[in-house]
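Here the chain labels run A, B and C in written order, and each chain numbers its own residues starting at 1.
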Amino acid sequence: MEPLLIVEDLHTGFHTDGGYVQAVDGISYEIYPGETFAIVGESGSGKSVSALTIMGLIDVPPGEISAGRIMWGGRDLLTLPEDERRAIRGKEIAMIFQDPMTSLNPVHTIGRQIGEMARIHEGASKKEGRQRAVELLDLVGIPQPDVRVDNYPHEFSGGMRQRAMIAMAIACKPSLLIADEPTTALDVTVQAQVLEVIHDIRDEIGSAVMLITHDLGVVAGMADRVMVMYAGRAAELGTADEVFYEPRHPYTLGLLASLPRVDDAGIERLVPIIGHPPSLINKPPGCVFHPRCPFVEEMCRTTVPEMRVVEGDAHMSACHYAETLREIGTSELSAIVEELEELA
Amino acid sequence: MTGYVIRRLLLVIPVVWGALTILFILFFIVPGDPVELMAGASGRAVPEATRQAIEEEFGLNDPILVQYADFWKRTLTGDLGTSYASRRPVSDILGETFPNSLRLAIWAIFIETTIGISAGVLSAIRRYSFADGLTTVLTALAASIPVFVLGFIAQQAFGVFPNQQGWPEWARLPVQGTPEDWHFFLFPSDWRYLLLPMLVLASVGTALVARMTRTTMLEVSRADYMRTARAKGLSERNVVMRHGLRNALIPVVTLIGLDLANLIGAAIITETVFNWRGMGRQIATSIFRRDAPVVLGLTLVLVVAYVLINLLVDLSYGFFDPRVRIGKEKS
Amino acid sequence: MAISVPDRSLAEEHIGGAPTEPTTDHTVAPATPKGDVWRRFKRNRLAMIGLVLIVLIVLAAVFADFLTTGQPGKVNTNDANQRLFSPGHPLGTDRVGRDLYTDVLYGARVSLRIGLFAGLIAASIGIVVGAISAFYGRWIDSSIMRFTDILLSLPYILIALAIITVVGPGERTVILVLGLLGWMAIARVLRASILQVKETEYVEAARALGAPNRRIIFRHILPNTIQPVIVYTTLFIGAAVLSEAALSFLGVGVQRPTPAWGLMVAEGRRSLANYPHMLFVPAIALSILVTAAVFVGDGLRDALDPKLK
């Protein structure tokens, strides 16, 4: 199968008063039609920035896309003129954002904002736009869509707003839907509902979904393949099963170990990842995770590990000692971490 | 909704009452003899009999509270009293001056809205450009040059100087005076009289509107919904105009509305400089002359106008910002 | 070019700021808030220009005695109507021979005094009233706000005119009147600010920790709410200077022989056709002071609210 989207060695940074922030530092991945591809990482890992770069929503300056290619439909998006990118934006690749309250315009009705998609990309009239909006609202499960379509965003609840955002994004049946932390601002119960909507929509429209989140639980439920990012670089990439059950990067291991689990009665303490996130202006040399890695060795401090296949045919990791991690389980990890904490 | 309007209208009453009472108090502390004003001429003393007659007629001898009560009684029946200075009914004076003040204010607001908002939007779009810097400096200047200085300069440049240099009629503007003849209330037969006072009066307001528009546009451009609009594939122009402007203008509209409320009374300087027969100038003159009925009567109208316009502005707020609409159900 | 403002918030999210070695010290000392404000203010060129101008004007006013030998407001009809750059009169003289250079210097004192003291009075009353209104709430708040509305509904200049006509013109009266008529806006601004902050979570948090009311007020609420008041007062000072000019123009401001810029403009009007400098010299002085105040006020506003960059 041909990939829909190919990101190659992407580098995006920002000029700030404190220095140059390399937010995306050499990321490469592919997304295939119809799959759900999750990008996982903490705040500051660069996951949102990479999505915005794909959409072309990075302000240049102070942003700068210093290297890389983004291939879509055989063309490199980064070299396309703005009007061609705009034609793709929303129509072929659509994006929904984290906070639906602030992401919707408070002075326009929901119907108008959704209908706008049809009006821009398909030349629909106002009436047609509104009609389409009603259909879409119905599709995402909003009750009484013909009434709700004339409501303003503040008259919707959080979960409904996010559904409206989804409706807006899929209006033109995009091949790729990017969801940037779609559930972070919502209550837990509503989270599940919204994720289900995304899931159903995906099936309905046949689009691929790029799901960006820091919440591993969300990923576990929905993703086919996962990429773990840290400090702008890729740490691990593989199918959801591979990454969850056979992690091959210390950071992934740490993430998994730090999750409180209902079934894990044995471990009493949560296992944190020691240290704090690095400065993106002054990144640590060598492996960017090495200051926090419980397994750090000399090579890690000096040489940047390449992203390479470490298992099967597509399970990749950027760790010099990925193979050794095969043996480590979470209980062992917690022991190691405890030791290190006592030393510190 | 109607309940809200009624409540607000009822609030007008204490405000007007309070304002007029304060004024009334001011005037009764005033030393200064209205009798002098009315009957005294060229410094001759007023004959006792005349004095008595006048005091009787105007109730000047009665205790203050009685005069106060009388004032309200009169006013509530529509009788605004008689000017001490000119013996004309205050309502006549009102009829001559109020329309002129209103006209000037409306035109000034028109300028503020069109030029002010456009300048602000342009300035925000071309941020940090030369045009933006120029606008910043110009608006700061317009807000800080005293209005009367601006007025004088305008008079000099467009009226006196051309006159002195013997320029042709069409290249000159009259420096003083109020047109008598108006069409549809707002359009004078001789527009040249209107031009300078209108621009000068609008100067400060335009500067403020331009600055505020620029600020709100910049604030709005950082908003998440702007990013969403771009993500939808809208052209930058549409993003700004259709999504940004509507939001950015909300506070600006309030500002303009409040300015209108103020402008009718605050135009005194411009009216004086250009000899425009408006309420501000009339009240100022009457204050100097201790002509209490005129001051009280005209100010009453000003206060009522101010409060009503404020109420309208508040109500219109709901039109512009759906989040504050009264009476709409939330889900 | 897009209107989009540099997406700093996104970039700022990415600056971890922590050292690269894991340490037990988790706090990276941020720049002190005050230092931050000053730094941002410094970067605003117009604001710095404004500040410099104000400092210069203040210095000129303070050291007026050393900068000129003339007597302020001294009439000397022999010397009337001197143009700019005349010998002995660098800025010329007015209709009755008063040296403009000297009068402008001493006039600076008047304008500054009026602006500062009116501002002080307005701010003091405004802060007290606004704070009381916001803290005590309920009917105290309603009545105070109602009273403020009443005062605000009266046309500002006309009331000033009325009061001064009653009491008699002069510098003290002008200061009092301007201050007494200006506190309302400050009170409102402070009240709105306090009401916003009162309900925020960090105040709730402080209460939950058991902090006494006074401490909450001084350490949490006040520092955050005083900012708009500072900005507004600065702008008010500029406005007060202009108001004095307007009052002098109408004849009820500062009186001669004290030179005041507004007064000088009014006097200069008569000779505008033949000797425009008589009007323009004080007018320019006024404009410079007020413009500087506006720039500084704007700069303060931008520096105190980082989101507005």
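In the analysis below, a contact is a pair of C-beta atoms (placed from the backbone, for glycine too) under 8 Å apart; a residue touches a chain by one contact, two chains touch by 3 or more.
These figures come from a predicted structure and were not determined experimentally.
Chain centres were defined as the mean of their Cα atoms; on that basis the chain farthest from chain A turns out to be B. Top-ranked chain pair, ordered by C-beta pairs in contact, is B-C.
One inter-chain figure worth recording: chain A and chain B are separated by 55 Å, centre to centre, where each centre is the mean of the chain's CA atoms. Taking the mean of the C-alpha atoms as each chain's centre, chain B and chain C sit 23 Å apart.
Each chain gets a centre from the mean of its Cα atoms; for chain A and chain C, those two points are 49 Å apart. Among all residues of chain C, those that touch two or more other chains are 2, 4-5. Among the residues of chain B, those in touch with two or more other chains are 230.
Within the complex formed with chain C, the chain B residues making contact are 11, 14-16, 18-19, 22-23, 26-27, 29-31, 124-127, 136-137, 140-141, 143-149, 152, 156, 160, 164, 215, 217-219, 221-222, 226, 230, 236, 239-240, 244, 262, 265-266, 268-269, 272, 280, 283-284, 287-288, 290, 295, 299, 302-303, 306-307. If you check the complex, the residues on chain C that touch chain B are 1-5, 9, 46, 146-147, 149-151, 153-159, 161-163, 165-166, 238, 242, 245-246, 249-250, 262, 265-266, 269, 272-273, 276, 279, 283, 286-287, 290-291, 293-295, 298, 307-308.
Interface residues of chain B, counted against chain A in their complex, comprise 223-225, 227-235, 243, 246-247, 250, 320-323, 328-331.
By the touch criterion given at the top, residues 55, 57, 86-91, 94-95, 97, 99, 102-108, 116-117, 120-121, 151-152, 154-157, 160, 165, 168 of chain A touch chain B in their complex.
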